[in-house]
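Two complexes, one shared chain (chain A), two partners (chain B, chain C).
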Partner chain A sequence: MRRRLELALLLGPALLLFVGFVLVPIIVAAYYSLYDWQGFGALTDFVGLGNYWDVLGGNVFQGAVGHNLVIVVLSLVVQLPVSVAIALLLNRKLRGRAALRLIVFAPYVLSEATTAVIWLLILQPGGFTDQALTFLGLHGVIHQWLADPQVVLFTLFAVITWKYLGFGIILLLAGLQGIPPELLEAAALDGASAGQAVRRVVLPLLGPTIRIWIFLSVIGSLQVFDIVWIMTLGGPANASTTMATYLIDHGFKRYEFGYGSAVAVVLFIICFAFALVYQRFALRRDTEGAMG
Partner chain B sequence: MRSIRLCAAVVAALLVAACGSSGTTGSGALTWWHNGTSDPLKSLWQSVADGYHAAHPDVTISIDPIQNEQFQTKVPLALQSDSPPGLYQQWGGGGEASQIKSGKVLDLTSSVSSWIGPLGKAAEGWQVDGKQYGVPFDLHVVGFWYRKDLFQKAQITTPPATMADFYTDIDKLRAAGVTPVAIGSKDRWPDAFYWDYFAVRECSTDVVKQSIKAQKLDDPCWRKAGDDLTALLARKPFQEGFLGTPAQQGAGSSAGMVANGQAAMELQGDWEPGTMAALTEDKDFASKLGWFPFPTIEGGAGDPGVTLGGGDGFSCTTAAPPSCPDFLKYIDGAEVQTKLAAAGIGLPVNPDAASALKDPTLRQVFDFSRKATYIQTYLDIALPTSVGQALDDAIANFVAGKGTPASVAATVGQAATGDR
Partner chain C sequence: MRKLAYLAGLLVAGITIVPLLFVVIGGFRTTAQVNANPVGWPSPWVADNYTAILGAPAFWEFLWNSTVIAVIATGLAVALGSMAGFALSRYRFRGREALYGVFTIGLLFPLGVASLPLYLLLRQVGLLENPLGVALPEAAFSLPVTILILRPFMLAIPQEVEDAAILDGASRLGFFWRILLPLSMPALSTVTVLAFVTSWNAYLLPLLVFNDQSHFTLPLGVATFQSQYSQDTARILAFTTLSMVPALGVFVLAERRIVGGLSGSVKG
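Coming up: the complex of A and B.
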């Protein structure tokens, strides 16, 4: 009895917040998404799944999903190896290690909006990037970073990487701290080279950390919004639209709240499905016991 | 972290949508939502509220300055709730028409009829089906702002009157090593100014009015607007990388480029001198700036006296105390309008206040607007919000090389019928 009371007392507030701020809005959004609703008057124009067909069949939304997937793939292929390499480097005893760690982690502390504004200035035509490239004799590399539809998505990815690399590195460094030095000493005694030790001892033991990083990175890449919205508004010509910018563009700028809700539900389902599948197949080993 | 923040924002937005927003209006208490979050507008509106309260002690006005972009989300939610603000910022056109569906926007027709006449054509943009649901307090006119010094450098003596002159001047400016025109295409709406203007030059006023009412741009003249824009783009008048340039933020924006002499002109509203002045250290900047109307097009069916514009205004809601329309009369009266013009906030809607416009160039713009045969509200505002934004997006895509003149014109009909 007392145990139940304790549970209710301790879980109650959190549960209430969860229901009020997570479950109810999702249900309300799902309800709105079945109507053609401009935000005024009652919900009368029931369209069933019509909004969903429009969302999924639309060129711009399909493009947005593609852009999100490009960011997901690039994150895994580019950010992960770089993060691991830098984390390994920073885990060694070297002069100025604390300062280096601070520098690497600093961008992560900035808000996305600040990051976006800083990079807007750096990347503007004739700005710091272009001047630096000219100085290095790389004039041919200069592009219209944010104005060229072929380039803009990669520019944004570079900015996202700049901001989030530090987060991955800190996560991996924490993971590296958890690897007992005795194992590496033993490997060295057995004649393992540095490369072998990393491949056979360090990386397998970093597995749980890497899997969590992948999870956070994929979810973050699917929902990326702030940096894109501030730097390009999804343009030019929808070349950098993401699912989230599409949602804001159509839901709020066009007053299509029913349609916007449908986009929100689709985005939620995609993220949720990934989370479930990933939990089931990749994270289960790591969270066994914790999740029961 | 970004996922958490986005989720929180979406959740918050949805929760607000579910619960509605609050505003207090009892008897004699008027809640006022305006977008004057910074000076000089903020203190001007405060003094206006104080002035009205002094003359009418039974009316208390509680001001709620709201950031401009937030009106898009706050107004629908407020009109959906039981307690909307008594008075709120209103841009007229299709947005106003959508808001009326809530049944909470007050029909002002009879209460303003005695004094709205002198405001002239400007007030028409706040009518829906001949009824006045809002009243403007300032008006905006779109035209070319240009640097006299750079025109001189390119040996251009008089601003261009026709498109042919305009093209000649673009070539002259290029030859003089000057970027002819700056544009903030990142924000999309500056692109629409060009297309809109080409459209009102190619289409007769009747066609424009009918097409907007029907939300269908069938007349071939609408496609000509796209052809004209193609011709303009072929001349390469804009700065390098203009698709990524913002309109108003920072020295690298299109406004900043003109302010700092990096481009010779920009097609923008009458607010632009104020926007530009904040982006340059040049103290003599204002004297270097001139204005000319959008050039005429040879053979266009449009009336050359038509000007593209809009303005800011207010609407009363059904929750407002009876004094609300009278307060609007006070705002549009000569006293407040003179203050507004003198503070350089915008062009006054009340012609009695024109003498308070200190800047001779702004005075020129004002006089031009009074002579206009018709003021066409920016098409994205004139059309319902969803349709207008779809048109802006189509125009922006067209400028970026996607779409055809026919597909841009067709966007309006498609968006109006819910086809995305």
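Coming up: the complex of A and C.
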């Protein structure tokens, strides 16, 4: 009896907070998504899955999914190899290594809002970026970084990379520290070149860290919001709309609460499906149930 | 190979630091200087932008609001998370693993997904324009990662320690308070820093909850300031610099904790 009371006392508050502010809102979103509703008054206009057909059939939303996928793919093919390479370099005994780590990791602690404002200032037409490129003789590279629909998504990706690259590097450095140096010495004794040692010994052992990084990176790329919202609001002409900016735009700017909720549910299902599949095929061997 | 490593390190450090320096140094110029030559050096150096912002109440208000919200959110997440972590690690009961699973699934819930009904809920209970309207949901969204880090840590503390405490007459809760929590200090400080940084940097939730500028947090304030003063570049540069100071300051002080927490959370 006393044990039950203790358990209730210990778990109750956390459960209450978690259920009230995380679980219930998500379940309620699923409920709202079945109605045509402006956020005020009674829920009367039941439309069933109508909102979902509108969301999934809409060009802008399809474009948003595409933009999220571009960011997912770019992260995997650009950020991952770069992070691994830098982490391998930083793992050596270099002078100033500690300072370098501190510098590389600094952008991660800045808020997305601050990051977005910094880059808005730097990317202003004729501003710092353009001047610097001119100075380097790369005048031809200059674009309307945020106003050209062909370019804007890549500009945003560059900003996102600036902010989060250090995070990946730190994760990988932590993973590298878990690799016993004896293994590398043994590989060297067996006549392996540095490149072979990396490919045959280091990368496989770094596998769990890389798989976690991929998981966090994909989930983050699917949900990207703050930087895009502050820098472009999804524009110009929806060229940088993401699922999350589309959701906030429809929900809070146009008061389409039912429709916005359908977007929220779709976004959630995509993240959840990815997590389940990834857990099933990639993470299982690393973390037994730790990631849900 | 070694030279290549230095070159690469230098390049990465440069790409990281040059934008930051541009912002900090740019704040010491006038907007006329910035417009005339965006990459120039301050000539002369002017501190007006910085002194004007530090002398006006808005910046301090944002700073205060961010602090209040982050302290409440962090306190709640750590207190409730460690209690739940204790129950989920050192008690045996039916449904324990399922309950743990429910909390960890929370890692997958983006705040955006919950934002519409969360906003309506906060409106209904009168928490709009209220620091608690931001702090409570932020604490709730920080619980999963808090529990995820604390539970394995608490599980790893040997049963003998607990048995000895009980033999000495401590109750289970006494063991929690006087022995387990002090032993969990490294993990506790990690989750504290993580929850604090998350709350400190949050943008979407304050954006939805606050309309009145006197309630704004720093990230919201920076974004708003940028759009309000878009013609006065030098002043925005100074404001942005000042908004980075607390985050970078905490980071320099707590770097080991943050990095340790990240690598710890990876190893699960």
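Operating definition for what follows: the second predicted complex is superposed on the first by the 275 of 292 C-alpha atoms of A that agree within 3 Å, B and C clash if a C-alpha of one lies under 4 Å from a C-alpha of the other, contacts with A are read in each partner's own complex, and residues count from 1 in each chain.
Following the convention adopted for this analysis, contacts are C-beta pairs under 8 Å (C-beta built on N, C-alpha and C of every residue); 3 or more make two chains touch, one makes a residue touch a chain.
For clarity, every value in this text was computed on a predicted model and none was experimentally measured.
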In the superposed arrangement, which partner chain does A:L102 touch: chain B (first), chain C (second), both, or neither? second
For A:Q38, decide between first (touching chain B), second (touching chain C), both and neither. first
Of the partners chain B and chain C, which touch A:F21 in the superposed model: first, second, both, neither? both
On the A-aligned overlay, A:Q279 touches which partner chain: chain B = first, chain C = second, or both, or neither? neither
What is the contact status of A:F128 with respect to chain B (first) and chain C (second): first, second, both, or neither? second
Between chain B (first) and chain C (second), which, if any, makes contact with A:R92: first, second, both or neither? second
Using the superposition on chain A described above, determine whether A:A244 touches chain B (first), chain C (second), both, or neither. both
Taking the superposition as given, does A:D226 touch the first partner, chain B, the second, chain C, both, or neither? both
With both structures superposed, pick whichever of chain B and chain C touches the larger number of chain A residues. C
Who does A:G58 touch here: chain B (first), chain C (second), both, or neither? first
Name the residues of chain A shared by its contacts with chain B and its contacts with chain C. 20-22, 24-26, 28-29, 32, 39, 112, 120-121, 124, 127, 167, 219, 223, 225-226, 244, 252, 257, 264, 271
Which residues of chain A touch chain C in the complex? 3, 6-7, 9-11, 13-15, 17-18, 20-26, 28-29, 32, 39, 85-86, 89-90, 92, 94, 96-97, 100-107, 109-114, 116-122, 124, 126-128, 130-132, 135, 162, 165-167, 170-171, 173-175, 177-178, 194, 208-209, 212, 219, 223, 225-226, 229-230, 244, 247-248, 251-252, 257, 260-261, 264-265, 267-268, 271-272, 275, 286-287, 289-292
Mind pulling up the chain A residues that touch chain B in the complex? 20-22, 24-26, 28-29, 32, 36, 38-41, 54, 58, 112, 120-121, 124-125, 127, 144-149, 152, 167, 216, 219-220, 222-226, 232-233, 235-239, 244, 249, 252-257, 259, 264, 271
Residue set of chain C touching chain A in the complex reads 1-2, 4-6, 8-9, 12-13, 15-17, 19-20, 22-23, 26, 37-39, 76, 80-81, 83-84, 86-88, 91, 93, 97, 99, 101-110, 112-121, 136-137, 139-141, 143-144, 147-148, 152, 172-173, 197, 200-204, 208, 218-220, 222-223, 226, 233, 236-237, 240, 243-244, 247-248, 250-252, 255, 258-259, 262-263, 266-268
Where on chain B is chain A touching in the complex? 1-3, 5-7, 10-11, 14-15, 17-18, 72-73, 76-77, 79-80, 95, 98-99, 101-103, 185-188, 239-246, 250, 252, 384-386, 389-390, 393, 396-397, 400-402, 418, 420
